[in-house]
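Presented sequentially are two complexes of chain A, the first with chain B as partner and the second with chain C.
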Partner chain A sequence: MTFTTNNTFYEKLEFLQETSPSIQNNFSTSSFIDITYSEISYVPSTFADYVEYQYAFYFGKDGTSGNNTINIIAKLLYSDDGGSSWTDWGENTQVFIGSTTSNTRSRGLCIIKFFLETSASGSRSAWLGNRKLKLWGKKQSGDVRLHQLMEFRGDSGNVSSNNFYYPSVQCKSIKV
Partner chain B sequence: MYIPRKNKIKKNIVVQSSSETSQLISSTVVDISGTEISYTPEANSSKVVYEFKIQFHNDPDQHNNLFYELQKDSGSGYSPLGKGYLVNMVYQFVYGQNVIEGYFILDSWSGSNDLKLTGRTYDNQREITLHEDEAGNHFDPIIKVYSLM
Partner chain C sequence: MTYLLDYENAEKNFKLVKTTVTAYDTVGTSWANVSGSQIAYTPNSGASKVIYEFSSAYGYLDDDNSLEIKLQIGNDLSSVGDVVTNNVNYYSSFGGTSSTNTQGSDMIALRYVLDVSSLSWTGEKTLVLQCKTYSSSSAKQSLVNCTTPTDDEVNDSLLFNPTVICYSI
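After this line comes the complex of A and B, so read on.
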């Protein structure tokens, strides 16, 4: 079956895509760092109860002979001062991807999606103006490389390097 | 190059879920069944997004290594889109079952073009079965294509 439709509401979609990404493999087990290409600025639509934040990226092994334990912990931060200072968003905005098992060797596309309230909560003010969002990441063990496929075989040829999935980040407004 | 697209609206959203039988993928490139779609972008759109969701399970092998890519037919036959439209998915030693989910973003075009996913495994010791889980629960692939204005 095939459905065809057009939106009847304005979800104010905004997104960024990086078409010349660089490898990111500098994660540590002790402290979080920025996950590249995950940052976006967004002003919700006036009707919005929630904002959906979504980040799509490729993750895998760090090199062909690298560690076979592959995982990453990602959490969301926000800034209301243009990026000068950042604060954890808090509950429901941290995910674990991959495995701590040594031989899983997991690789593939991953989509991280968070639903964020626009109303005030705790120390976080209501989301009325421009707010920046980004992901921080660290690894629990092993090694991980983002954005670059180490290998591909198919109609595009058999290639061992210089192949990337283009990461993208997007936000849209949601009315309950 | 970072490409910002602000205040965009999705138009001409097409969702397809065709009934497919389970499909064994081996080391020869084949079309991934249920992923082919003809699409005419909305006039004056800037980009087209191709989303996919496909169930798999590891059998008949313990390890899986699936290479898949997006191909496009603009009127003279299918061609792989190459860099940026390739994925290497790996599960090993875990008898993996999961849903492959993702999307590719293309420059828009005029008229009707066809899109599909093709795939192969690393070798015949890492074959994979699509469109069902190990218990035989069926899950037809879902393809969603839309234009960004």
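After this line comes the complex of A and C, so read on.
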């Protein structure tokens, strides 16, 4: 599902939301993999100095018997060839969410937000045409499940397998 | 309270300051400025509100890490103070406060709304966030502008570039 809007401030908002997400719980501690539903293709407005990238998702325990140590490391990648090859964005666009202790039992809705310059930097060319962005993820320890609300009791008093948070990714252009 | 925004005329005088950090802030036991949270801003003529937004991240130094934040305003950085009496509505807090290990890392996304008329805000003013540990505890320290996947913050911390935005409505 895609929505596009324009106004005088946040121009060219591109918003994608997955309304039928699948659980993602296949993260390893050794190598990064795609974080599902975090990918977006975007062409900035011509005036843009920055593109604001946002990815909203839920993370929590990997099932009722899952490990109580819950965390995820996410980093931003980009592609200028339609997704054939991907490069780290770099410039401090890697984050660790959660905790490495089981006492915390981390969980919650998280919005990862980066303000990305459209100008060239190092080997990265200026952002003038279509560029893809996505997040790679891995876990530091324990286990993690994305998109499904585990340890959610709601009104029934029981964990429901149907409680999902629909992840979304968006980009918009900013001029300073 | 509800504000209706006319998007053709809303969000004027937009200003963004992004700071590339080379080191994290260590949260201490007394209030100190948060790197990258400072912005000098003049409201748009006729504006009733100024929106201040701050984006960054925090990690842990102590196993039980906490973080208290408050917004300050003044004519310049040397003269900032509370936004209103007791700074009601301009505080926030993060992390854990018990003796159970937290070791928490998360994003920081703050939004504060300031009333232009009640502040008699006409020219440029400086806004900045200040932070300290919960209850000024020296055993509950966090780090700001980074996240921490391990307890080796010196080698493993992941720096995060803070961004502050102001605009008028």
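The rule is simple: the second predicted complex is superposed on the first by the 158 of 176 C-alpha atoms of A that agree within 3 Å, B and C clash if a C-alpha of one lies under 4 Å from a C-alpha of the other, contacts with A are read in each partner's own complex, and residues count from 1 in each chain.
Following the convention adopted for this analysis, a contact is a pair of C-beta atoms (placed from the backbone, for glycine too) under 8 Å apart; a residue touches a chain by one contact, two chains touch by 3 or more.
Since we're looking at a predicted model, the values are computed, not measured.
Which of the two partners, first being chain B and second being chain C, lies in contact with A:S106: first, second, both, or neither?
Touch partners of A:S106: chain B and chain C.
Of the two partner chains, chain B (first) and chain C (second), which one does A:L13 touch, if any: first, second, both, or neither?
In the superposition, A:L13 touches chain B alone.
Spot which of chain B and chain C makes contact with more residues of chain A, would you?
Chain A has more residues touched by B than by the other partner.
If we overlay the two complexes on their shared chain A, which of chain B and chain C does A:S168 touch? Say first, second, both or neither.
Touch partner of A:S168: chain B, not chain C.
Based on the superposed arrangement, let me know which partner A:A56 touches: chain B (first), chain C (second), both, or neither?
Only chain B; A:A56 stays clear of chain C.
Under the stated touch criterion, which partner chain does A:L149 make contact with: chain B (first), chain C (second), both, or neither?
first
On chain A, which stretch or stretches are contacted by chain B in one complex as well as by chain C in the other?
7, 10, 99, 101, 103-104, 106, 111
Can you list the residues on chain A that touch chain B in the complex?
1-7, 10-20, 37, 56, 58, 60-61, 99, 101, 103-109, 111, 149-156, 159, 162-166, 168
In the complex of these two chains, what residues of chain B are touching chain A?
Touch residues, chain B against chain A: 1-18, 29, 67-69, 71, 80-94, 100-103, 105, 118-120, 122, 148.
Using the touch definition from the top, list the residues of chain A that touch chain C in their complex.
Checking each residue of chain A against chain C gives 7-10, 50, 71, 73, 91-92, 94-101, 103-104, 106, 110-113, 115, 117, 140, 174-176.
Which part of chain C faces chain A closely enough to touch in the complex?
7-11, 14-16, 18, 20-21, 55, 57, 59, 63, 96, 100-107, 109, 147-151, 158-161, 163, 167
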